[in-house]
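Worksheet: the structure to be examined is printed underneath.
Order of writing sets the chain letters: A, B, C and D. Residues in each chain are counted from 1.
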Amino acid sequence: MLDNILTILIFFPALAAMLGFVVEKGSIRAFGVSVATVEFVLSLALWYAYDPSVVGMQFMESMPLIPAFGINYLLGIDAISLFIIVLATFITLIGIATLGEVKNIKNMIITLLFLEMTMIGVFSALDAIVFYVFWELSLVPMLYLIGAWGGPKRIYASIKFFLYTFTGSLIMLVGMLFMAYFYYQATGAWSFSILEWYRLVLPENLQLWLFVAFFMGFAIKVPMFPFHTWLPYAHGQAPTIGSVILAAILLKMGTYAFVRFSLPMFPDAAVFFMIPIAIIAIIMIIYTAMVAYAQEDIKQVVAYSSVSHMGVIILGTFALNVEGITGSVFLMIAHGVVSGALFFLVGVIYDRRHTKMMSEFGGLAHVMPRYATIFGVMMMASVGLPLTINFIGEFLSLLGFYKQSHILTLLAGTAIIVGAIYMLTAYKKAFFGEVTNEKNKNLPDVNKREMFALIPLVIITIWLGIYPKPVLEPINNSVEAIVSLMNEKAITQEAKNRIPDPMAAKVSTPHGGTH
Amino acid sequence: MLEPVNISIQSLNLVTLAPMLIAIVGALSIIVIDLVKGGLDKSLYVMLTVLFLFLDLGAIFNFIETVSANGTLLGFFDVILIDGLAILSQLIIVGASIIFIPLSLTSKRFHEYNYPEYYALFLFMIAGFQFMVASDNLILIFVGLETASLALYALIAMHNREKSFEAAVKYFTMGALAAGFYSFSSMVFYALTGSIEINQIAAVLAADGYANIGYVLVAVIFMLASLGFKLSLVPFHTWTPDVYEGSSAALAGYMSIVPKIAAFVVAMRLFEFLIHSGVVWLEIVLYAAVVLTMTAANIWALVQKDVKRMLAYSSISHAGFAMAAILIGTTQSNSALFLYWILFVFTNLGAFTMLWVSRQKTLLPGQSSDHPYEKFAGMVKTMPLAATMMALFMLSLAGIPPFGIFWGKLYLIGSAVSAEYPMLALIMALNSAIAGYYYLKLIIYMFMKEPIDNASSSSYMLNASLPLKTIIGLAALATIFSVAMVNPLMEFITAMVYNSGY
Amino acid sequence: MEFYLYLALFSPLVGSLVAGLFGARPKTLLTGLFTSTLLFTALVSSTILLVHILDGGDIIHVELMTWMATGDLYIPFGFVVDQVSVVMMMVVTLVSTVVHIYSIGYMDHDKGFNRFFSYLSAFVFSMMILVMSDNFAGLFIGWEGVGLCSWLLIGFWYHKESATWAANEAFIMNRIADLAMLIGMFLIYWTTGSLQYDIAFAEFAHVDVETLTTIGIFLFIGAMGKSAQFPLHTWLADAMEGPTPVSALIHAATMVTAGVYLVVRANPLYDLIPDVGYFIASLGAFVAMFAASMALVNRDMKRIIAYSTLSQLGYMFVAAGLGAYWVALFHLMAHAFFKALLFLGAGNVMHAMDDELDPFKMGGLKKHMKWTWIMMTLASVALAGIYPLAGFFSKDLILEVAFVEHHYILYAVLLITAMMTAFYSFRLISLIFHGTERHKQHGFHPHETYTFVLIAMSPLAILALVAGFLFKGSYIEMVTTLLPATEYHIHSPIVFWIMTIGTQLLVGLSIAYAYRKYEHAKIDKKIEDNFFYKLLINQWYIPHFYEEYITKPYRELSMIAWKQVDLKIVDASVDGIANIFYKTGEATHNMQDGNLSTMLRWMVAGTAVLLILAVAFTTGYLMLLLAFIVGYLYVNRLRREYVR
Amino acid sequence: MMEITLSHYLILSTILFAIGLVGVLKRTNLLMLFFATEILLNAVNIGFAAISRYYGDLTGQMFAFFVIAIAASEVAVGLGLLIIWFKRSGDIDLTSMTSMKG
């Protein structure tokens, strides 16, 4: 059964969603939870069966889809995708389990299950077109989530979200077609298989163009400055569950795609664009942190903080060495957990007060101590305190990039300062001080259902902060494979220098791995 | 002076005429049946039409084997040309017609469907289209074109509403102008080459190395204007929104598909050789026309307030999209055009049928057209399944994978890429993004807004009947699972197109 | 021995977690007792380890598990108990045990009693990691951990705006330094391939000086933040918003000395780059004096002590910078004892005075609080460096170091600072405990604190008294096995005696002057109008400068970034592009005016344009131009007709 | 006396075609508009006949016959539509037909 586990993982929620139409309204929540649980368990089984020592893809499945045009239903995962998949099923599970009172809950749960399908599809596709299919398809349920259950400006937000990402990904699609065409020219056969594309060595100028085309799709999804403005609206208007999934998983599609496509396919272009992208990443880090600091709405703070953190992820990705990329992949997961949790937390208070304005709060630590504690833990994780999950990722990302540029890393490192500024200020505004607003006097603390979502996230945050090895080691192995591929493929001397061969380094450095 | 003409029946190869003849016979027999016994129910005529069309289809299928073996098949004084293009386009024409005609089995009564003439005209029209695509003789193309058009004008007018007459008159007048253009263009070609067979024209022009390029261009321009009218390329598109709005939704959907594929085939036959002979001017002009058609139509569609008008502009844009295939002019692009159009058939028919289903007999107060966006507000609350279907068609039209049109777009843009038209590919892609907005707008009305008043929303699906629902379901299934049929289609189409030398 | 290591390390954590479980509940004395007991356990374990090391036992080096491993990077949770860390462990566990017990009394009536102990123990745990780690990354864990606890504890009374503000300030300022620390670590990793102390230090020998200098500077900037060196010093005085035991433990004895510890720990590095060392020393001397100057005039009891801490940290950096690492560490230890004592005493006073902090409102308290008076005086004497108290041994040694190393300016600065120290310390003692009982005017009813609190404080008092002459010998012997064992002896005995006695005299005079001047707590208006007074009372206007030129611009820039740039430029251009399409549509869709004539004209116009283009194509570009003009005019005419 | 060549016929044809076009553009009376389209087609007929004669080839004349036939059927359909429109609106001016636009 494990031979087809990826297909099962992808289509089980979709099937369940369709069956969900039949389920009676009152029981839909239980249905959703059980489906999500099964899915989560399946993903755990996937993790269990995953062999970290194997280099390359595992659980590969292949089925011709449009062989005449080289499109195959090709699935497979390595550690980079594995953990995001597990995170996706996990976040979906707790998301569904902790849904508050929403109107039309049946539609929402069905939508969430469809969304889950698209997410897992994106992360397990090894064929560019299959990847693209899920990538685009994921927009639809998200559009519905924002547009149907969102705030007052939800329609504007959802259209903006959809069209913006859609535009970017269409440019990416053109890039994919060009890539396939170049492959066709080189080999005489059409193929959209990413693994086949990996083997194609392109001249540098073509790499640059294709890199840009792919970049547009990914950058808008991430979202990178200056393409980020859809995100605050989407987050600001989306219901809690929408924000959680958006921040935790959907944004990761962009950064994941950088690792999966841009780096191994265009190593020289990656080196060429490394510095400009790093500068964009730094702008993301500092500028959006400042914007976050200026916000009045606590959800917007978290939203902009996401952009800021994505900057660090991008930076780590373009460190182009094992440390940096491993760090950025780890940070993807970390950010998924932490920002997901933060959005959950914002949702908790929004459920109680139906406002997210920080000026409405103040002194919440008095009335909701448990809430304040969990928020505090997550905030500190977001700020990147050691022994929380985020730190590992940020540390490694920055460490990796330091190899490439000292001064840019120094600038990017201000993330830990500016991040602290907006987070602590927001926390202070909302939680500290006296309770001045009458409405806040008798707010109930976090209830059991909410605890169910938050406690596991807290545990993961700290557990992986202290003992990241189970996740870090497999990721490291997969990343090493990618980096050595890049090193091998690089054609310019510059790129050869910038991308160290991890295998060679292992031999030459006296201290590496000798402990 | 003139020698007696001696022509053997064999050399006429009358079988090549069979598909058209079947349609014509069908039309005549319907008229005869009505003469014999009047007052029969429309369902009889519908089913008869479907039957004849199936026969027609069978006749077309007959050619496949011969054509794939021998390339092309000539007949009837060599004016009929059965090649891959002809087969493919006839399949599309007849296939789409088979899906279309049961749309007259509505639960509301519309009076045109009670006239047997409607069905006769319909079959004549199909025969006209078939002539158009199955010939490279300009006369026969002209005859086919006009037969089909005249029948179509009548069909539009038979909807018997103020707007339908207006639409018919507008369409007719512009059609007459286009006919003038067509014949003028044919005249110039004839003057230049002494022939009205496209392949001969090509041969003569190539032989003298396009010496009279100026006159060739004049001919091309008028041909472009007249075919551009049929294909609704900007700026020859002006009839489209009005005529679509004036016709019944079902007929509008039909018009967005069948006449265009016929015109595409003619355009392909005429323009391909010109582009390949290095008439740069034509390439530039077509490029401009394609880009203009896609973009301008999209932009106008953005601001429409009526869904049917929006879909009209959207069809213009799609036509521009498909026209890019002719501009690119490779086997891949020409195959992509057919693939695109087949997938477009299902989605667009589905979308228009959804409109048809929602048609009231009379306009509601405060409603200036049949299908304003507001009518669909909050549809997911009242009719979740219908709303989902409609959303599905919209997503497919927008090119969201894995729904039908996406695969067409993919292959078409792919052909632009492999013919090294990177800018064109990009423009096509970006236009899909612009188009996303107006398709999304309908989804937003259906899924994210509250119903305006309950009376109108409960009256949705008024016109639905089992056949209509079946057709919608069929279209939806084809749209969702299109990926399964893309590969066989692609292989078949490519083989056919390649065989015809395009 | 490993067992004791883990015991010392993890008992505070256990205490913290258990207390944390009761965090939101009302006070349970048990949490206080439990955490104190565990801390005591840690203290005992540390002592056992100390004895082990003192006896010349092997350095204990353990690796608990891997933390991060990727690429060539390998970071374990490794802990080392060597001569340096064991000293720090002793200081930390001892002071924190005392502070824990003290806090049971001090926080007696506080609602957040349990929470407080949880934070406090968590702090101790972080501090233990900081000092025991065998690599830079582990140190950084502790480094940030203490920062977190400091944030929690400064902002412990989170209903107070000033407290939370100070907490955030402390955290953010430390973060600035932490960034430098991180950069330093990155550089170490990429130069030496490891963050383990032993490997990195061994590798430094082969690294060029330039890189080492960069590393040294970045690490020191990191140290500057934690140890509140100029210009990152403002947070320390503001941190006095926290409960006083916190000030005693974190902002006097332990956390703020982490910077010194880092420099001491990285001594192989700083030995290679004496220039940086000299910079450190100079900055230290400057801060010593600079901080003392602010202490001279301040009217807030805790702030005075805080500035004094700052000043003493300056001393330590002078020693560390000049390569006298063991001296720095010795002063660190001695200072921890008497400064903690001083703070705890101040806490007693605050308790007695209902949290009043202005010493001018006190006076004559020695009658009511005899033991507190004794202990604080003792601590102040030690601070002033009077023989034979702890301060004398450590501080005088630093003066000697400066002298022996021929840095006479540093020496002079430190000497003057020593006098200033004595002055402000006894200004405080005098104002609080002597003179008339001014507190009566303000309606306070001072009383001595719990006896057990006093007993808990007593070890510190004893240590302040005897640490110097009892432990100096064995300390030096032990520590110098690890640290460079430079002896700082002034060779001429006459100079030595002159200097020692001279220093003692000057200090004594300062004490006497302070005592006399402030016995009656007269507020001298003339002095208050003095420019220097204003400068000093406003802390050299540095907080003001930060507020005006950093915080405010940042806030305003952030607003601009959001409202102007993000919304009005970035977002607006996106919407603008989308709107271009929509607006074009709105502007042009009326071309479809429904008039059949117009429609026909469009068709003919299209054909005409094509014809013109064809003519242009066949006849050349001049015609093309003409064609455009004609075409334009025609289209224009068409448009005008629609308008009509 | 000038010899009448093919060019003259073609010029005549073009002039007629242009006249027809102007009529199409200018007429607002639907009936006259239809006449103008007839002129277009007949202009082409002249051209075809002349060219046919020039080449000594019957194809052109055949085309002309077809054009005539088509013109006739167009008139039939067109007049039919016109009559219905006139019945409905009492007007055959095309300015009365602007209910759909945008």
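The rule is short, and it goes like this: a contact is a pair of C-beta atoms (placed from the backbone, for glycine too) under 8 Å apart; a residue touches a chain by one contact, two chains touch by 3 or more.
In this text the structure is predicted, and so the values were computed from the model without any measurement.
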Touching chain B and also chain D, the following chains: C
Per Cα centroids, the chain farthest from chain C: D
Innermost chain, where centres are averages of C-alpha coordinates: A
Euclidean distance of C-alpha centroids - chain B vs chain C, Å: 75
Length of the line joining the C-alpha centres of chain A and chain B, rounded to whole Å: 44
Approximate Å spacing (C-alpha centroids) for the pair chain C, chain D: 93
Where chain A and chain D are represented by their mean Cα positions, the distance between them in whole Å: 66
Contacts with 2+ other chains: residues of chain B: 169-170, 173, 177, 241-242, 303-304, 437
Per-residue overlap in chain C, given as positions that touch at least 2 other chains: 578, 589, 592, 594, 596, 600, 604
Residue numbers of chain A (touch at least two other chains): 163
Pairwise chain contacts under the document criterion: A-B, A-C, B-C, B-D, C-D
Touch list for chain C against partner chain B, complex: 578, 581-582, 584-586, 588-589, 592, 594, 596, 598-600, 602-607, 610-611, 613-615, 617-618
Chain A residues touching chain C - in the complex, by the definition given at the top: 160, 163-164, 225-230, 287, 290-291, 293-295, 321-323, 326-327, 363, 365-366, 369-370, 373, 380, 385-387, 391-392, 395-396, 398-400, 402-403, 406, 409-410, 413-414, 416-417, 420-421, 424-425, 428, 431-434, 466-469, 472-473, 475-476, 479-480, 502, 505-506, 509-513, 515
Touch list for chain D against partner chain B, complex: 10, 13, 17, 20, 24, 30, 33-34, 37, 40-41, 43-44, 47-48, 51, 55, 57, 59-60, 62-63, 66-67, 70, 73-74, 77-78, 80-82, 84-85, 88, 94, 97, 99-102
Residue numbers on chain B that touch chain A, as the complex places them: 380, 384, 395, 398, 400-402, 406-407, 410-411, 413-414, 417-418, 422, 425-426, 429-430, 432-433, 436-437, 440, 443-444, 447-449, 483, 486-487, 490-491, 494
Parts of chain B lying in touch with chain C, wherever the complex brings them together: 169-170, 173-174, 177-178, 181, 213-214, 217-218, 221-222, 224-225, 228-229, 234-236, 238-239, 241-242, 281, 285, 296, 298-304, 434, 437
